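The structures come next, written out as structure tokens.
In the two complexes below, chain A is the common chain; its partner is chain B in one and chain C in the other.
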Partner chain A sequence: MDYKHSTIEQLNEAICTGKVKSEELFNEAMHLIEQYQEDYNAFVTIISKYKKYGQKDTLISGIPYALKDNISTSGILTTASSNILKDYIPVYDATIYKKLKQAGAVLVGKTTLDELAMGGTGTTAHTGIVRNPYDKQRLIGGSSAGSAAAVSLGIVPFAIGSDTGDSIRKPASFGGIVGFKPTYGRISRYGLFAFASSLDHIGCFTRNVRDAAIVTDILKGNDPNDMTTLPDEEVCYLDHLNDDIKGRKLFYIKEICEEKIYQDSDENVKKTIETFHQTVEKLKEAGFEVDEVSINKELLNAIYPTYMIISCAEATSNNANLTGIQFGPRQDGQDINEIMFRARTIGFSELIKRRFVLGSYILQKENQEKLFKNACRVRRMIVDKMNDLFKEYDGLILPASGTIAPEFTHTSKSEKLDPKATVLENHMAIANFGGFPSITLPMYYYKGLPVGINLTGRPREDKDVLNMAQKIEDVLQIKNKVAGDYDV
Partner chain B sequence: MMYKVVIGLEVHCELKTKSKNFSSAPNEFTMTPNIHVSPVDLGLPGILPVVNEEACRKALKTAMALHCTNPDEIVFDRKNYFYPDLPKGYQITQVTKPMGIHGYLDILVHGERKRIFIHQLHLEEDTASLEHASTFSLIDYNRSGVPLIEIVTEPCIESAEEAVQFLEDLRDVFLFCEVSEAKSNYGQMRCDVNISLMKEGQKELGTKVEMKNINAFNAVKTAIEYEIQRQSEILDRGEKVIQETRRIDEDGKTYSMREKVDAIDYKYFIEPNIPKIPLSKEYLDAIRKEIPMLKLERFERYQEEYGLSEYDAGVLSADKKISDYFNTVIENSEDVSLALNFVTTSVLSTLNKLNITIDEFPVKATSIAELVNRVSLKKISFDHGKKILYKAIEEKKDPIDLINEQHLEQINDEEKLLTIINNVMNEHPEQVRQYVEDGNTFVYNFFVGQVMKTTNRQANPNISLQMIKEELERRKQNERK
Partner chain C sequence: MISKEKLKEYANKLMFDMNEEEYETLQNEFDIILKQMEWIEKIPNIKDVEPMTFPFPLKNACLRKDEVGDYLTVDEVLMNTKHQVRDQVKVPKVVE
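Entry: the complex of A and B
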């Protein structure tokens, strides 16, 4: 069978009818990992031995998948792609790992990420850079780089990622696949190595919207170990994918999508904006109502700094457990401060240290009001504005990125961005600010390289977001694509 | 020169709960290190806190008992600093909205009420404990995450004596509210002392010296007295006291640990993993109802309402369980002084003699009250009542059951007594003759003894004596006719 292009339901049917065994799928995945690991570096740890637990009657039973390497797996190395955790073997399972095991899914490996999930390039892991399956000279984006690459390469039909700013939805765009993070609290974060707790989400990569619904149905649910999880809801997302969307109202933001803003930009940005507007027309034909809405440009410009301030502040505190005392690379020293200082000096890359210094500065008593608390207020303003719009609209659509995946040479580690494109490239953090469900799916290919479209909906209405995304996928007709289907 | 002493205390007390403040690991004292530990207590990557409701209730309850104002919602904050006993690199505590603010506790110093003002009470988690050897240190995570309340007083304590009295009375609040066992030898109650001296008439506070983590109350006293002496001498020499943190050693002296140039910036911010928990009036009222009357109130009530001596009131209010026991006896007894007598002389002395707690005392308070009532209604004699009580304690039986079983109730019925007396007299004609013919009144006691013997000591001796006199006299008169 064509493993690489199969949907979860096709694989499930093949297993159930005896056409293929789960172990054969696992071996197929192993074969693909061997083939691609050197070039793309999607994995930190490969599970070479087939091991299946759990139920037989779920749709993902017996099906291979990959986990981002910042999710706690008891007995399996979990590094967060950082030197400070390079030998860390957890003693407990993340709630979602437990759920996936119970559902019978088969783990093939732990995927590479930007160190400690901080970064959007997939180039900062302690084990090296992750490459884009569509073009090895380009990045796949991050931080969930390896999970995106593994699904985009066809190694696994689904992979788990985490998303603090757009860490699932941006690499999904560059990898030509679906990336979904549901409402904050829909999926337990217990066992996810925290980056910025108030923004962190768990979600999944798949090659079609239907599979995203299947996986989310397994992952979701209240967890007594995570006080921020939502109460359970008696609904199966898969059952509602084909609900009628007639009368559903979407909006896009004028200040992000206006063609004249990008007059001097790269050809591919212009093409993305043009394609986006064509897509809007197609969606209208398909039954959606789509409006252009204007939002204060200053508020939009504040998204990126607000994100950086809050995430760096929380990250500094969240990663204060990495001292080499309880675990990690214990260093010698004259006193306890020197022991911790040395462990953190050798354990973190420059980029991480820079963010920790920023975070620490932001939280200092004399700066907290001006930086941290103001950022929290701006976050509130943005969320309030969105919630206001969600009173009228069911969702926000925007290009998931303006450009195709950048080449490595074009990205420095200084995290600097083209100021014109700052909002276009960073708006997806809105969904993290408000905990809104948000999904990226492939929109078009520019010279064979994918660019995604993003849909963000009302909090808790994950069902409706998936339903609308299914319709958009039906309209765009791009699904189940694997890198290599197009020649670059 | 004499100086005015200004002391503020920061008291930490571990709460008694089944599990830790933010994890499901047991909260129990043990000598075996690192057995009450979950991934959360180790600060492993990916862990999340889950708030212990019992700990919140107990912190709120203590805050109420200390007359504090409670917040409208429960909010936790992170206090960020690096130390090996703090596995997460931050402590979850309360800054934004403590469980209680602006309270007080009244204490008695030399019979005078003094109000100690409470700045705030907040709930936080304890750190791991460190054990230092010469070349290495060991960490025990059993204590990591244990619920801890911190009570900060205003700087209104003026002597070592007041400080110790406050600590003792505060411990009684913990014990009376049943929120902690507050054993200082287990480190369950610890205290930081801030002390400064100022010249009489001066308005500005002197330079503050902090002494950290003192367990025993008498060590607090020694440390304060030593510091007053030390700082006085410095000021007398015209020198300045340095702002610093000092530790107390076993010799009772304090030694400098570190100078405090600037206060550490703990970079507090609201803990994002714990949603704010609203507190309804109903919820708070339900907790308020559980707060018992505290020691000082009981002490005063015993004197005012029951007329107890200061000594007796002190003894009976010192321990909540003894006081509760006494209250039950009193509430069910007709005669307060009789009840007091039974409790102080018999119950308390038995506790001392057998070295047991009131929980282990075999006779229920309601049974003591019933016994007291039978004595006061003269159904049994006082001496007899006491004897029954001791027998009940010895045999671990209910005294009322003993009375019923052995028919020990006093015979006061005169008709019954007369039959018995006549029988006895008929059996002893010689003694009757001695009275009738010789007027020998010594036979009175003989017959009383016989009546008591026949009735197994149940006969009322006073009534019996009176009736014996009358019966003998009646027989004498009959003889003459």
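Entry: the complex of A and C
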């Protein structure tokens, strides 16, 4: 069977009818890891011995998958791609890992991430950079870089990631796959190494929307170990998928999508915006109502700095436990302060330290009001604006990125002072600010490389977001693709 | 521009240090970031808004009952440190 292009349901049927054994799928995944690991570096740890737990009657039973290496797996090395955790072996399972085991899915490996999930490039892991399956000279994006690459390469039909600013949805765009983070609290984060607790989400990568519904059905649910989880809801996302989007209203933001804004931008950005507008027309033909909505530019320009301020401040606090005392490489020192100081100096990479210093600066007494509290105020203004719009509209659609995946040599420093480019590349953090369910799926290919479209919906209405996303997927007719299907 | 000494002070408060070259990179980065942060101050009436710390109110959030649940054994707790003595993590003497 064509393992790389099969959907979860096709694999499940093949297992159930005896056409293939779970172990054969696992071996197929191992073969692909052997083929790709050196070039793409998707994995920190490879689980080379087949081990299946749990039920036989779920759709993912017997199917290989990968977990981001910031999710706790008892007895299995979990490094968060950081030197400070390079030997850390957890003693407990994350709730989602337990659920996946109980559902019978088969873990093939722990995937590479930007160190401690802080980064959007996939270039800062202690084990090296992750390369884009469509072009090795380009990044795949991050922080869930290895999970995205593993699905995009066809190694696994699904992988788990975490998303604090767009860490699932941006690499999904650069990898030509689906990336879904449901509502804040829909999936337990017990066992996820915290980056910024008020923004962190767990979600999944798949190669079609239907598979995202299947995986989310397994992962979701209230968890007594995570007080931020939502109450259970009696709904199966897969069963809820249908063709009916009658009356569904979407909007896009004029200040991000207006073609004239990008007159001086490169051809790739212009093409993305043009394709986005063509897509909007197709969606209208398919039955969606789509409106252009105007939002205060100052508010949009503030998305990226707001994200940086809140996430760095929270990260500074969350990572205070990484001391090299109870776990992590122990350094020499005359006293515990010296041991911790040396462990953290040696254990964190430069980028992480820079983010932490920023967090420290923000949290200084004299800066708290001006920076941290103002960022939290902007967060509320953005979320309130979105919630107002969600009274009339069912979803927000926007390009998931302005361009194809950048080359490793590309420097974006100048862009960071250009608000228009910054908003186009960072707007997906809106969904983290408000805990909105948000999904990226492939929109088009530019010179053979994928660019995604993003749909964000009302909080708690994950099922409707998945349903609308499936319709968008039908309209765009790009699904179940793996790198190599298109020549670069 | 923020001074390198100030950046070093912030880093040391978080119990780590960086080298000279890294502080220089950080100094340049801070220049960009502080300019971006000025975008926030341009937003009108920002002071009238209540800061938001979570995406939405969590209605079910409550403290767990005071009941014995799952717990780690001593061996599990010590599993990730090579430095241990009498079922405890060993560190240099802290009392003179």
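FYI, the second predicted complex is superposed on the first by the 477 of 488 C-alpha atoms of A that agree within 3 Å, B and C clash if a C-alpha of one lies under 4 Å from a C-alpha of the other, contacts with A are read in each partner's own complex, and residues count from 1 in each chain.
Keep this in mind: a residue touches a chain if its C-beta (ideal position, glycine included) is under 8 Å from a C-beta of that chain, and two chains touch if they have at least 3 such contacts.
Note that this is a predicted model, so its numbers are computed, not measured.
Participant: With the two structures laid over each other on chain A, which partner does A:Gln326 touch: chain B (first), chain C (second), both, or neither?
Facilitator: In the superposed model, A:Gln326 contacts both chain B and chain C.
Participant: Have a look at where A:Gly120 lands relative to chain B and chain C in the superposition and call it first, second, both or neither.
Facilitator: The answer is neither, since A:Gly120 touches no partner chain.
Participant: Give one of first, second, both or neither to describe whether A:Pro442 is in contact with chain B, with chain C, with both, or with none.
Facilitator: Neither chain B nor chain C is touched by A:Pro442.
Participant: Quick one: classify A:Arg377 as touching chain B (first), chain C (second), both or neither.
Facilitator: After superposition on chain A, A:Arg377 lies in contact with chain C alone.
Participant: Of the partners chain B and chain C, which touch A:Phe193 in the superposed model: first, second, both, neither?
Facilitator: The first partner, chain B, only.
Participant: Could you look at A:Gln364 and tell me whether it touches chain B, chain C, both or neither (first, second, both, neither)?
Facilitator: After superposition on chain A, A:Gln364 lies in contact with both partners, chain B and chain C.
Participant: A:Pro231 in the overlay: touching chain B, chain C, both, or neither? Say first, second, both or neither.
Facilitator: second
Participant: Could you look at A:Phe433 and tell me whether it touches chain B, chain C, both or neither (first, second, both, neither)?
Facilitator: Only chain C is touched by A:Phe433; chain B is not.
Participant: Tell me which touches more residues of chain A here: chain C or chain B.
Facilitator: C
Participant: Is A:Gly104 contacted by the first partner chain B, the second partner chain C, both or neither?
Facilitator: neither
Participant: Considering only the contact definition stated at the top, list the common interface residues of chain A for chain B and chain C.
Facilitator: Comparing the two interfaces on chain A, one with chain B and one with chain C, the shared residues are 88, 91-92, 198, 224, 227-228, 316, 320, 323, 325-327, 336-337, 340, 360, 364.
Participant: Okay, in this complex, where on chain A does chain B touch?
Facilitator: Residues 70-72, 78, 80, 85, 88, 90-92, 94, 189-194, 196-198, 224-228, 313-314, 316-317, 319-323, 325-327, 336-337, 340, 360, 363-365, 368, 372.
Participant: Under the stated contact criterion, what part of chain A meets chain C in this complex?
Facilitator: The contact residues of chain A facing chain C are 87-89, 91-92, 184-185, 198, 222, 224, 227-231, 296, 298-299, 301-302, 304-306, 308-309, 316, 320, 323, 325-328, 330, 333-337, 339-341, 344-345, 348, 350, 353-354, 356-361, 364, 370-371, 373-381, 383, 413, 416-417, 419, 422, 432-436, 459.
Participant: In the complex formed with chain A, which residues of chain C make contact?
Facilitator: The touching residues are 2, 7, 10-11, 13-18, 22, 25-26, 29-30, 32-33, 35-37, 39-44, 46-47, 49-56, 58, 60-62, 64, 70, 72, 76-77, 79-83, 89, 91-92, 94.
Participant: Using the touch definition from the top, list the residues of chain B that touch chain A in their complex.
Facilitator: For this pair, the touching residues of chain B are 39, 42-51, 78, 80, 82-84, 87-90, 139, 265, 267, 269, 272-275.
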